[in-house]
Amino acid sequence: MLSGPLDLVVQNAKIVTSEGVYSAEIGVDEGKIVRIAKSIEDSAERTYDAEGRYVFPGAIDGHVHFKLKYFDDVYTADDFYTGTVAAACGGVTTIIDFVTPESLNYVEDFRRRRAEAEPNVVIDYGLHMSVTNFNEEVVKNLETLFRSEGVASVKIFTAYSKRGLMLDDGKIFKLMQLCKKWNVLVLVHAENEYIINSLVDSFVEEGKTEPIYHSWSRPDFVEAEAIQRVGLLASVTGAEILIVHVSSAAGLEKIVDHRSKGVKIHGETCPHYLIFNEEVYRRPDGAKFIMSPPLKKESDRQALWKGLLDGCFSVVGSDHACFDSVRKLSPKRFTEVPGGVAGTEVIPMILFSEGVLKRGMTFRRFVEVTSLNPARVYGLYPAKGQIAVGSDADFYILDPMRKTRLTKENLHSNIDHSIYEDLEVNCNIVATFSRGELIAEKGVFMGERGRGRYLFRSRGVA
Amino acid sequence: MLSGPLDLVVQNAKIVTSEGVYSAEIGVDEGKIVRIAKSIEDSAERTYDAEGRYVFPGAIDGHVHFKLKYFDDVYTADDFYTGTVAAACGGVTTIIDFVTPESLNYVEDFRRRRAEAEPNVVIDYGLHMSVTNFNEEVVKNLETLFRSEGVASVKIFTAYSKRGLMLDDGKIFKLMQLCKKWNVLVLVHAENEYIINSLVDSFVEEGKTEPIYHSWSRPDFVEAEAIQRVGLLASVTGAEILIVHVSSAAGLEKIVDHRSKGVKIHGETCPHYLIFNEEVYRRPDGAKFIMSPPLKKESDRQALWKGLLDGCFSVVGSDHACFDSVRKLSPKRFTEVPGGVAGTEVIPMILFSEGVLKRGMTFRRFVEVTSLNPARVYGLYPAKGQIAVGSDADFYILDPMRKTRLTKENLHSNIDHSIYEDLEVNCNIVATFSRGELIAEKGVFMGERGRGRYLFRSRGVA
Amino acid sequence: MLSGPLDLVVQNAKIVTSEGVYSAEIGVDEGKIVRIAKSIEDSAERTYDAEGRYVFPGAIDGHVHFKLKYFDDVYTADDFYTGTVAAACGGVTTIIDFVTPESLNYVEDFRRRRAEAEPNVVIDYGLHMSVTNFNEEVVKNLETLFRSEGVASVKIFTAYSKRGLMLDDGKIFKLMQLCKKWNVLVLVHAENEYIINSLVDSFVEEGKTEPIYHSWSRPDFVEAEAIQRVGLLASVTGAEILIVHVSSAAGLEKIVDHRSKGVKIHGETCPHYLIFNEEVYRRPDGAKFIMSPPLKKESDRQALWKGLLDGCFSVVGSDHACFDSVRKLSPKRFTEVPGGVAGTEVIPMILFSEGVLKRGMTFRRFVEVTSLNPARVYGLYPAKGQIAVGSDADFYILDPMRKTRLTKENLHSNIDHSIYEDLEVNCNIVATFSRGELIAEKGVFMGERGRGRYLFRSRGVA
Amino acid sequence: MLSGPLDLVVQNAKIVTSEGVYSAEIGVDEGKIVRIAKSIEDSAERTYDAEGRYVFPGAIDGHVHFKLKYFDDVYTADDFYTGTVAAACGGVTTIIDFVTPESLNYVEDFRRRRAEAEPNVVIDYGLHMSVTNFNEEVVKNLETLFRSEGVASVKIFTAYSKRGLMLDDGKIFKLMQLCKKWNVLVLVHAENEYIINSLVDSFVEEGKTEPIYHSWSRPDFVEAEAIQRVGLLASVTGAEILIVHVSSAAGLEKIVDHRSKGVKIHGETCPHYLIFNEEVYRRPDGAKFIMSPPLKKESDRQALWKGLLDGCFSVVGSDHACFDSVRKLSPKRFTEVPGGVAGTEVIPMILFSEGVLKRGMTFRRFVEVTSLNPARVYGLYPAKGQIAVGSDADFYILDPMRKTRLTKENLHSNIDHSIYEDLEVNCNIVATFSRGELIAEKGVFMGERGRGRYLFRSRGVA
C-alpha cells in the first residue's frame, strides 16, 4: 500500500488505448502508473495539466542504429545520447538497437554494446542480436543471451555479404529452428543479394551512378523475393519473424500472402517510405535520401499507407541511421554513399498527422503500431506498450491543434539537415514522460544522460 | 469533481482487457468506473474483495429471444425477467432482443416490445428490429427507429417464409442500401429456404421424421449458400452485416472469403455449436437439441472452435430461445418441434473453460468476442464493452479455480432441463455487477425486477 | 472397304485443328471424312478447290431459339428453316435448340418440338430440355429422354418466374442430383429473379422506362450472385453445369472461382456481349439491343474477351432469338420489349476477325470454343467437333483475305435489320459443307429444307 | 504430287490424338505422314498391320543425360547409342539431351556435344544448352546458338555449386531477360543449394549417411523454395520456364500458384516419382534409387499423380542418367553415390498402365504430356508431337491387352539392373516407327546406329 503522496498526477488527460479514448487522470508512483481515475484528489509531489489533450502510451521504436560503425572510426551521426534525446523529444520512450558481432563470442559483443549504451541513453532500451554466422559456438552464445541477458530477438540479413552480414538460407533455416525453440523473434532485412549485385554491376559499368540508380538497382521484386523466401522458412520451422523496413507493395503482398496461410510473419515500415518516393533521388541533394531498401514508386507509397491502415503492418520503426550532409553528398557514386536517414523523433507526429488526421487511421491502429504491438512482439509487454495501472509511466502528450514544422532546428538529431525539412505536421508533442519523469517538454530535453535502463525482454505467449 | 465517498471499490482484482491483464482496484461512483488504481484508499460506501480473481468486462449477449411468441399464446419459456436473471447470474450484463413486426407500423411494434421488456429486465438491454417486408412505410418507420429510438441494427431472414419472416433478395438489397446510408448493422439468419423445404418434403414423404433428419434437411451448404449470397449483397451495397448463429465450417469459410475481399461481414457462433454435434439427435431426448440452424458434424464443431480462436468470429451470442421438455419432446415429427435452446447464462463459463483453459484461447480473444466486439458492432461502445474509467461499471468476477457443474439446478433459465446437464466447467462466476450494483453472487440473483435500462444505441466510426 | 470413287475431295486446304494447322486434302465419302492426305489422287465425284484457305471444323452453336413462342401466336422471327439457313451461311453446321415444356409430359413436349424442327432444318440439330418443374412425373419423363431420346442436357432458369420458367433452389438441387446420375449437362440461365424485380419495380415507378434501364435493372451482380449460387449447388451435387450467355466480368469471375476449386462449371458467352456495351441502349434504336442478360459496361466487354482468350470460357453460343424492328421498337417501356437478338450466323466471322486477327486469339482456342468443346460438352463428339477421319464431313472454308460487311442484306436471318449493321469483319465464309454436301457458298444457301438430322447425343467420359 | 507407291501404309490403326481416338490407316512417304484415311488402297512398298491397336504419336523425352561425365573418365552407363536404342524400344522417338559447358565458348561446347551424339543416335534429338555463367561472352555464344544452331532452350541449376553448375539469382535474372527476348525456354533444376548443404553437413557430422538421409537432406521445401523463387523471376522478366523433375506436392503447388497468376511456368515430373516413394531408400539396395531431387513421401507421390491428371504438369521426362549397381551400391555415404536412374524407355508404358488404365488419365492428357506439349514447348512442333498429315511419321503401336514385365532383361538400358524390376505393366510397345522406318519391334531394335538427326528447334507463337 502506498503511504505518502503520489509522485505525479496528470490531470485533464484524454487517455488513448487500443480500445478507445476516455477522459481521466493518471496517478504515478515510483515510475509506475498506480491510478487512473475521473479525478485524483490524493496529494501529489507534482501535477501536470494535460489541458484536455491526448495522452498516448510512449512510442516504442524497435529499429534504431545509434553509434553504428560505418568504417574505421566513422560512425553514424547520432550516438546513444543524441539519438535517445531526439527520440524522447518526439514521444518515443523505448528504443531497441542492435549488437553487430565482431567475433563468434556474441556474449562479449553484447556486453561491449551494452556498455556503449548504458552511460548515455536517456530512455529505456533493449538490444537485438544480429546473427551473421551459425555454428556450435554461436548457438552456445545465443542461448546464453536468450536465457540470461534478456535478448528476445535476433536480426538477420539476406544481403550485405560484402559487409559480412549476410546469412545463407541453410544457416537461416537452422537459426529459425533455434529461435522457434526459444520463442525468439527473428528480424529480417529482406533483399536478394545476388540480384542487387548484378544490377549494381550493370549500372556502374554503364556509368549510371546517380542516386536514382540506387533505387533502380533494388527494384521491388528484390524485396518481394527475399520476403517470400524467408516466409517459407518461417512456415517450415514455425519461427516467428518480422520483416523490417518494408518498402514496396510487392513486398507487403508477400507478407499478407504468408499470413493468410498461418505463417507467423510481421511487417514493419518506416516513416520515410510513407512520405517520400523515388522522385526525390532526382533532387540535387537526392543522395541524402539514400537508404536500403531504397524509396520506391508512388504506387508503393500508397500501398504502404493502405497496408498500415488495414492492419497488414504490425509495427512502425525508424531504421534511424544518419550522417551529415557532407558524408551523404560528397561521394560520386551511389554505391559509396553511406545509407540511412534520421527518423525516430518523427514517428508519432507523422503517423498522427498524415495517418490519423489525413487518412482516417483509427486511434486503435495508431496505438497498436506505435506502442502496443512493438511491446508485445519484442517482449516488453506489459511494462511497456499501454497506459494501464501497473505499467511503466511512459507516455506523451500530443496537441492536435498545434502545428509543427519539421526542420533541422526543431528536430534533435545530431545532423546538419533533415530530409523532412519543410514538412508541416498538424500536431505537436507537448511533453514526454519516462517512468513518470517529465523528460522532454516543448522540444526541450530535460532528463539526465544515462537515466535510461536496459530492458530484459521476454516473449510470453501472445 | 467527486464529493463524498465512492459508491464501491473492488479490491484485489485482476482486471482483464483486450490488451492484457493487470492487478488493480476499481472505484465506482454513480454506476460508472471512476478510478482504477493499484490501491484505492478513498472512503467507499461499499468494498468488494475480488480475492485476486479475474474481473472481466460484462458479457454482452446480442442474440436472445425472451418472451418470443411461438403460436397463439404459447411463448418461449423465458420472459424478460427470468431470461435476464439467468443472464446476470452467468456474467452477462447486457442483452439485445428483437422486435418482430406484427404490422407495417414498426415504430408501434417497437414500442409494444419495449413495453414488454421495460418492467421486467434486470440488466440493460437493446432491441434489434426484424424486417420482414420492405416498402415506403417500412422505410419511414425504420428511419424513425434509427433516428430517434436508438435502434442501430436490423435482423433479416433468408428463410422461414411460412412464418412470414423471409425477405427476398430484392428487398434485402434495398434494405442494405438503406442501412448503409444510416450506418445500421444488418443481422442475417442465413439459410436457403428452398433447399430446406425441398429436403424436408422428401424426408417427411419417406417417413423420416426423427430429430436427426432435422439436421440432415439443413446440411452445411444450406447455410454456406445463403452466407455467400448475402455477403455478395453486402459487398455491392457497402452495408455491414453480421451472420448470426453460424453452425458449419462451410458457412464460416464463406465469411472468411468475403472478409478477405474487404466485405464488412461478421460472424457470430453460439455455445451449443461449440459443445455438441449432430450425434446428440440420436439420443432418446434428441429433440431437446433442435434449433435452426441445426447442430452439424464433429468436423464443423472443430472448425468453429478454430475460427473462434483465429479471430474469424467477431462475437459469440446465445440465440437463447427455450421451451420445456414436454414441448420439445412430445411432437412426433422434427418439423413440429419448437426450435431453440437456452444459452445466455453459459457463454462466459463455456468460453473460459472450453476456450481459454482447454484450447488456449487468449484473454484478448475472449474479451473481444464476449464484450468488446459486441459493444462496438452493436453500437454500445464506450459505455459498454470495457473496464475503463468513464465506462459503465458492468463486470463479473470469475474464479478459475472453482468448478461448476452445469445442471438444471445450477442454471437459472425457466426450463425444466438443460442441454448441458452433466457438463462440468473449470470456472465459476462468483459475482456480477451492473452499473456498480452487485446483482448476482454465487448463483443467487440479488437485483430488482425492472432495474435494467433500455440502451439507445449508435454506431460511430469504428 | 470403299469401292468406286469418293464423293468429294477438298483440295488445297489448310486444315485447322485444336492441335494446329497443316496443309492437306480431305476425302469424303457417304458424309464422312475418310481420308486426309497431302494429295488425294483417287477419283472423286466432285472436287472443291479450297485455294489454300483455312478449312475449319463446322461451328456448333449450342444455343439458339428458333420458332420460340413469345405470346399467343407471336413467335421469334426465325423458324427452323430460316434460322438454320442463316447458320449454314455463317459456317455453323450444328445447332441445338430447346424444348420448352407445356405440360408435365416432357416426352410429348419433346416430340412436338422435334416435329416442328424435323421438316425444316437444313443442318443437323439437337434439343436441350428446359426443366421448369420437378416432381416424380418430371423425373420419369426426363429419364425417358435421357435413356431413349438422345437428350444429354437440360436447361434451367433462376429467373423468369412470371413466365413460369424459374426453378427454385430446392428443385435445382434435386435436378442436379438426377443429372449427375445420368451424366447430363445442366445449362443455366443465371440471374437473380428477386433483385431484378425489385429494381424493375423501382425504375418503372420512377418512370424510368428507356432501354438503358433494362441494363441497369440487371446489374452485373444479379448475374454473379446466381452463378455463385448454382456453382455451389454443382459443387455439392457433383453435377456438370454450363452458364449460358455470361455477360459480365463479375459473372465470369465466379465461374473461374468455382473452377479453381474443382467444380465442373463451364461458361458460354455470345457475340453481342463481345461487340457491344450498354452505351448502345442510348441510341434512338437502343431497344433493338434488348436481350437478357443485357449488355453491360465496356470493362465487362473487355473482361469477356480476356476470358475468352485465356480459356475461361468453354464455348461461344449465339442465344439467337430475334424479332423485327417494329416489335423491338414500338413498346414504350423496356419491360415490354421482346428480348433477344440474331447471332448464329456471325459467330465464326466475329471470333476470327475480332478474336484471331485483332486480339491474338490462337487457332487452338478458336477451334475449341466454336467446335471441339461444344461437341464434347454437349455429347456430339466424335461425329462432330473435329476434322478427322471417321468424323462427319462438317466444315467451312474461311478466307482471311476477303472482308465482309455485316448488313441486313449480307446476313440471312429473317429480320429487317441487323444489330451489327456497319461492322466490317476481315474474313469471309466462302463455303460450308454439311456431311460432305456443299450447302452454302458465297452467301447463297444451296441445300434442301429438311435435310438436317436430329442428333442423338450422349456424353461419354471426358 | 506423289508419283510411285507410298513408302508405308499402317493398316487397322486406332489413331490417338489429343482430340480423341479414331480408326484409320496411315500413309507415309519420305518420312512424313502424307495420308490418313479409312482405307488406303494406294500401292505401298510396305504395309504394317496394327491389328486394331492404338497408334500414338511418338513420345518426346525432353530430359535425358546420355554419356554424361561423372568424373575423370567415368560416364553414365548409357551413351547416345544404347540410350536412344532403349528409348526407341519404349516408344520414344525424340530425345533432348544437354550441353554442359566446359568453357565460356558455348558454341564450341555445343559442337563437341553434337559430335558425340551424331554418329550414335538412333532417333532424332535436340540439345538444351546448360548455362553456368553469365557475361558478355556467354551472351554472344548463346545468341549464336539461338540464331543459327537450333537451340531453343537453356538449362539452369539453382544448386550444385560444388560441381560448378549453379547460377546465382542475379545471373538467372539477366539470363531470363535474354531468353525472353529470344523466346527461348528456360529449364530449371530447382533446389535450394544452401539448405541442402546445411542439412547434409549436419547428417554427415552425426554419422547419418544411409540412403534415406539423401532424401531427408532435401526435404520438399528445398524444392518449393527454389520454384517459388525462379517463378517470381519468370514473372518479372516475362520469360517462359519449365521446372524439371518436380518431386513434391509443395513444389507442384508453387507451380500452380504462379500459373494462376499468369506466370509462364511449366512443370515436368518423372516416372520414378510416380512409382516410388522414399521408403525404397530403406531397402538393402536403396542406394540404387538415389537421384536429385530425391524420392519423397507417399503423399507427394499421390499429389504428383493428381497434378498429372489435372493438367498441372505440362510434360513428363525421364531425367535418364544411370550407373551400374557397383557404382550405386559401393559408396559408404549417400553423398558419394552418383545420382540418377534409367527411365526413358518406360515413360509410355508406365503412363499408360498406371495412368490411363489404373487412374483414369484421359488419352488427351496422355498425348499432351508425352508428345504434344513437349513438341510445342521445346520448339519441335509441328514436325513432331502429332499424328497429322505433314508431320514426321513418328509413332508407336501399343497393345493394351498384353502385359509387360519390366526387368533388366526386357529393358534396353546399358545397366545391370532396373529399379522397376518386378513391376508389371498392362500394356506392351509392339512397334516403333521413326520417320516412317520401323526401328523397333517386340523389344528388338532394328535400326541403324547414327540414323537419328539433329533437330533445329524454334519456338513459334503458341
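Going in written order, the chains are labelled A, B, C and D, and every chain counts its residues from 1.
Here, a residue touches a chain if its C-beta (ideal position, glycine included) is under 8 Å from a C-beta of that chain, and two chains touch if they have at least 3 such contacts.
These numbers were taken from a predicted model, which means no experiment stands behind them.
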item: Intersection of contact partners for subunit A and subunit D; value: none
item: Relative to subunit A, chain with the most remote C-alpha centre; value: C
item: Computed distance of Cα centres, subunit D from subunit B, in Å; value: 62
item: Averaged-CA centre spacing for the pair subunit C and subunit B, given as whole angstrom; value: 52
item: Separation of mean Cα positions, subunit D and subunit C [Å, integer]; value: 41
item: Multi-chain contact sites of subunit C, meaning residues that touch two or more partners; value: none
item: Interfacial residue positions of subunit C with respect to subunit D in the complex; value: 1-2, 15, 17-20, 22-24, 27, 29, 32, 34-42, 260, 362, 364, 372, 381-382, 385-386, 388-391, 461-462
item: Residues of subunit C defined as touching subunit B within the complex; value: 168-171, 173-174, 192-199, 202, 219, 221, 224-225, 228-229, 232-233, 235-236
